[in-house]
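There are two complexes below, and they share chain A, which is joined by chain B in the first and by chain C in the second.
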Partner chain A sequence: MDKGLLAYLLIPLLSAVIIPFAARNRPKLADILANVTLLAGLANLAWLALRPSIIRGEFADIPGDGFSLLLVAAVYLVALCVTFFSAWFIEEGLPNRSAYYSLILVSVSAMCGVVTTTDFFTLYVFIEVLAVTSFALITTDESGAGLEGALKYFFLTFPASALIIIGIAVMLMSLGSLSFESLRFFMASDLPAGPVTFGAALMLLGFIIKAGVVPFHTWAPDAYQGAYAPVSAHLAGIVTKVSGVYAIIKMATLLRFFDGRAQALSEMLMFLGLLSIAVGALAALKQTNLKRMLAFSSISQVGYIVLAAGLGTPLAIMGAIFHLINHATFKTVLFLNSASVEKSAGTTDMDKLGGLEHTMPWTSWTSIVALLSTAGVPPLSGFWSKLIIILALWEAGLKGYAVLALLFSIVTLAYFMMMQKKVFFGKKTPAAESSPEVCAPLLAPVVLMSGLIVALGLLFPYFYVYVKMVAERILL
Partner chain B sequence: MDLPVKMLTMAVAVPVFGAFLVPFAARISTPVRNALAVLLGLFTFLAAASLFTTVLGGQTSTWMLSFPRGFDLILHADLLSVFMASVSAFVSLIILIYSLDYISHYEGQTEYYAMVVLFLGSMMGLVFSANLLWMYVFWEMTGFCSWRLVGFFRSDKDVAKANKTILVTVFGALCMLVGIIMVYFHYGTLDLRALHGQPISLLAAAFILAGILSKSATLPFSTWLPDAGVAPSTVTSLLHAAVLVKIGVYAYARIFGVTFAAPDAFSNAVLYIAGASALVSAGAALIETDIKRIIAYSTVSQIAFIFLGLASGNKTAFVGALLYILMHSIAKGGLFLCAGIIEQNTHTKDITRMGGLFASMPLTGVAFALCSLSVMGIPPFGGFFSKYLVFSGAAQNGNLVVLLMFLAGAVMTLLYLVRLFYKIFLGEPAGHDCPKEGSYTMVASVLALAVIGLALGFLIYYPSAYAELLTNTLGVNLQ
Partner chain C sequence: MSNFAMEWYLIAIIVFTGFYCMLASRSIVRQLIGLEIVSKGAMLAVISAGALTGNLVFAQALVLTMIVIEVVVVAAGLALLVKNFRVHGSADIWKLDGLKG
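Coming up: the complex of A and B.
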């Protein structure tokens, strides 16, 4: 356990315990406590990583491997956007409102646990906590769709947990230890890898299911569509990325894919990654519901990260980390915007929407920024991460993969253009007629995130230096 | 930083960042916003043109921002980039002035001005970039601007056409990115100055060519350009004359004309593609009845002539192609702006419902005629000299089939433009109520372009001397 970051885990947990008591008589207090906790954490992190002296020193003074810190920051950022948004989005009279905030905070501390732990058993525990809180969060929307999504999530994610625990058992038997370091040393040695890679394969399979990679993706669209829109943003933006994708990247570095000791696993991951890119993008083309389309888009983008993680070279790992962060920014914007559209126009059915750009210019423009970044249009942040992934593929001699991954960007762009056309452009539909722009506090998180997308794109050299430092530390 | 470098960075930075000030200026008042847009255009033109003194003195100026992995942002002013930037910025400036009246009664003007200025800025960035990756970055930015501008009217049909525009051009651009990645891994750098005179593999060249052809609307990617005619005429004029279509031509000149030595088979293939493009689009222009589609097909056809000059592989043709870029920008910009006046005052784009307009719109008619004559290549207009040089260069190259294709294309150009002029301005009026002349600034803009087209013909010595200097200094692999 990285003790330096323990506070980021414990403080939200404490707030989560306090909130139900504090908010019993004053429901507003729940909003305030949750937001203040996350904001304070974020300010602290910014001080830790973005002091001028740290930036000048090319981030050499960052404690730990830097990867945990980056992800803790992403967790806090997305969660802050979600809670801030929820404070105005969820009606005040809702009975389980304080429980909702507590759940978000518990999931934040669970995610911090996942990204700071250094052994597989702790990883498993926190991932389970995360699965339970996500399940509960999806059911906060008590409609039929919410329950259906939650059940689907349940039926796919708990078998995945079972696979992970069996994998851990196999690993304990064959390796004798569960720490990350021992696996890394083992993979660097010349001992026959058979049983250990078998255990790792089982765990990877579990993480793949949790990440929603094709062909185990079916839970994602139902869960994201059924849940409250801020919850979808939380799940798609960060939760599945931490519980599934982060774990896959971590495994990729521990198994040392780049020196070919687990060739078969590496190839399988890359194949599934490319399959996700293709299936997610093509399925998104056919969707008529905005949230469902975003869910498929998420599956497709996760494919890029898994593809890069499967390759496992230092450059590919950099691309994967960079894309993970970018995905958190643009997918949060898109999901929160879908929430704004739902609140304002009353529906997310794209056939019923249209012409919203006149009444909702901010929502329209932030969507454009986020979708262009997703499609990898320069100079936004998504372009650089995709470029790095593709360069890594090319460098490793996998030219076919590189070209396919690149050309699927055009499909991404196509479904987003279609979305923008149906929702924001065109003639005003009856639903759009009476839909004003949402209030400023609901816009603040998306504007912040859009600004971040542009900033990460333009300040690419700084971010590159950071991510390079991370990749060097976690691969050595 | 000395003055030329300052001017170089400002020519890119001022319009790119200034575009984001336009919405704020709009908060103050409409005139302030319009003035800001025009001033940004004017400044860009002056900054680009001021670099002529540097490059004519035999110097170049460079500004560099370091990025990891050899992705440095390098702005480099040499003879070719300054020439192209000045032409684009000048035509864009005229279009901005014309827009003041033309666009004044539509919705979404703020976005329009912001996008036009951003478009111009991206064009400047593209032209001055000496790093292939940054050419690609600005390339995609222009794609984004064209998407918003083509879909300006926002009906389902407009947006569908805008989506077609961006999807075709982005697809091409992604192919180009594959080509760029090939170059990157082959040479380990994307700095065009370091790549000067290097050979390039056929496959990489073909991928890059796909991007170029999609942007310059040449076969087989030509269909988006006529469809983009649903946009306001100022936008189509901008796309055809100043920025979008010229990007493809410029990129060809930059990458295969003055940087890489392209394989012969590649240049020959380009000649045949261009020839087919010239013939097919000229044929389409002969049978169309929509005024803007006719002019759009004419652009596709004329762009092919520029490719003929660039790919013929000798100095005469290359000089001709450079002049062609200049003449075509001026003349085609004028034609579209005339079409804008006609369309706005007759409320139709169908030429069968026009006729006899010369009586009511004499000045527009004169401007239209002058621009048409320049496009046809009638002496003493500027268009004549460029076409002549391109043909004489192509004849030196000795490929008879290609030469015949282009001769047929040139004859057809004459035919469809005469037909167009006749149908609109001469003949019997066909059911319209003698619309009035366009507004003062609009007519002045088109007349200015028409007169400049004529003047360039008389003063052909200066531009052609410049083009020769350029070709001799920078040209690679030319006979």
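Coming up: the complex of A and C.
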């Protein structure tokens, strides 16, 4: 455990315990406590990483490996957007506010645990805590759809946990220890890697299921579609990315894919990544429900991250980390916008929607920024991360993979343009006539995230220095 | 055949029994039982690994923690099952097809 970042785990947990007692008779207090906790954490993180002296020193004084810090910041940012949005989104009485915020804060602290841990067993523990809070959060509004999504999530993540345990057992037997460092040293040595790689492969399989990579993706669209609207932003934006994709990137760096000792695993991961990109993008083309389409798009974007992690060269790891952060920003915007559309027009069925740009201009424009970033249009942040990933593939001599990744980036643009046309452009439908723009507090998180997308794209050189430092530290 | 190989033979059988139970049954409750069997096999694997490498104390600590976590996960899962039965009135996994696309 990285001790410097332990406070970011403990304070939300404390707050989660306090909220049900403090807010028993004053439901508004739950909103305030949750938001203040997360905002204070974010301010603290900004001071830690963005002081002028740190920026001038090219981020060399960052504690830990920098990767944890970056992800803790992403977790806090997405969770803050979600809680701020929920404070105005939740209707009176339903659901139980204090339980909802407690669960969000517990999931934040579990995610901080996942990203700061330094051994596989603690990783497993925190991932389970995260999974349990996710089941409860998906069923927040107690609808049939939410229950169905949660059950499907449950029946796929539980076997994944069993596979991770078996992987831990094999690793305990062949390596004798479960810390990340011992695996890194082992892979750097000349000892035969067979059993250790087998254990790592079992664990990777578990993480792949939890990340929703293609042959095991079936839970993801159901869980995201069925979940309570702000919760789907929380889940798609950060929860499944931390519980699955973060662990995959971490394993990729620990197994040292770039020096070719786990060649088979690396190739397998790259193939599954490309398959996810293709299947996610093609399935998203023919969806009629907005949230379900965004879920398939999320699967497709996870594919890019897994593809880059499977390649494992420093440049590719950089691209994977950068795309992980970008994914958190643009997918949060899109899912929160779908929640706004649901609140205002009462449906997320794209065939019933149309012409919302006249009545909901802010929602429409922030969606455009986010979707252009997802599709990789310069100068938005998504362009740089995809560029790095494709460059890394080209540099490694995998020209076929690079070309296909580029082609499916165009498909991404196609399905998002169709979505934008059906929902926001065109003629007004009956559902759109009576749907006013949502109130300003609901727009604030979305506008903040869109600003961040533009800022990350324009201030790319600074961010590049940071991500380069992270990739060098975690690969050494 | 050594003791150790026997243990892992048993573990493999238990895990595959669990997965077969999941594949063959339609009832959600039976599926959960199948999952439980899989995870018991996994825990047996941890204890066996600890015994083999002389790390039994460490392995016991791991397994105790895993049992505690599993209790929480199963409690959450059972809550979902009960709620699902109240809402949909059936425990058939093939009737969970409200979300499609």
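By definition in this document, the second predicted complex is superposed on the first by the 475 of 476 C-alpha atoms of A that agree within 3 Å, B and C clash if a C-alpha of one lies under 4 Å from a C-alpha of the other, contacts with A are read in each partner's own complex, and residues count from 1 in each chain.
One rule holds in what follows: a contact is a pair of C-beta atoms (placed from the backbone, for glycine too) under 8 Å apart; a residue touches a chain by one contact, two chains touch by 3 or more.
Since the model is a prediction, treat every value here as computed from it, not as a measurement.
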### Task
Give one of first, second, both or neither to describe whether A:Ile32 is in contact with chain B, with chain C, with both, or with none.
neither
### Message
Looking at A:Leu282 after the superposition, I want to know if it touches chain B, chain C, both of them or none. Which is it: first, second, both, neither?
### Response
neither
### Query
If you count the residues of chain A that each partner touches, which comes out higher, chain B or chain C?
C
### Query
Which partner does A:Val454 contact after superposing on A: first (chain B), second (chain C), both, neither?
neither
### Message
According to the stated criteria, A:Met173 is in contact with first (chain B), second (chain C), both, or neither; which is it?
### Response
second
### Task
Could you say whether A:Leu391 touches chain B, chain C, both of them, or neither, answering first, second, both or neither?
first
### Message
Output the chain A positions appearing in both contact lists, the one against chain B and the one against chain C.
### Response
none
### Query
Of all residues in chain A, which touch chain B in the complex?
355, 357, 372, 377-379, 383, 390-391, 394-395, 402-403, 406-407, 409-410, 413-414, 417-418, 421, 425-427, 460-461, 464-465, 468
### Message
Help me check something: in the complex, which residues belonging to chain A touch chain C?
### Response
121, 124-125, 128-129, 131-132, 135-136, 139, 142, 144-145, 147-152, 154-155, 158-159, 161-163, 165-166, 168-170, 172-173, 176, 221-222, 225-226, 287-289, 292
### chain C residues within the chain A interface of the complex
15, 19, 22, 28, 31, 35, 38-39, 41-43, 45-46, 48-50, 52-53, 55, 58-59, 62, 65-66, 69, 72-73, 76-77, 80-81, 83-84, 87-88, 96, 98-99, 101
#### Entry: Interface residues, chain B side, partner chain A - complex
66-69, 136-137, 140-141, 143-144, 147, 151, 154-156, 159-160, 163, 166-167, 170-171, 174, 177-178, 181, 184-185
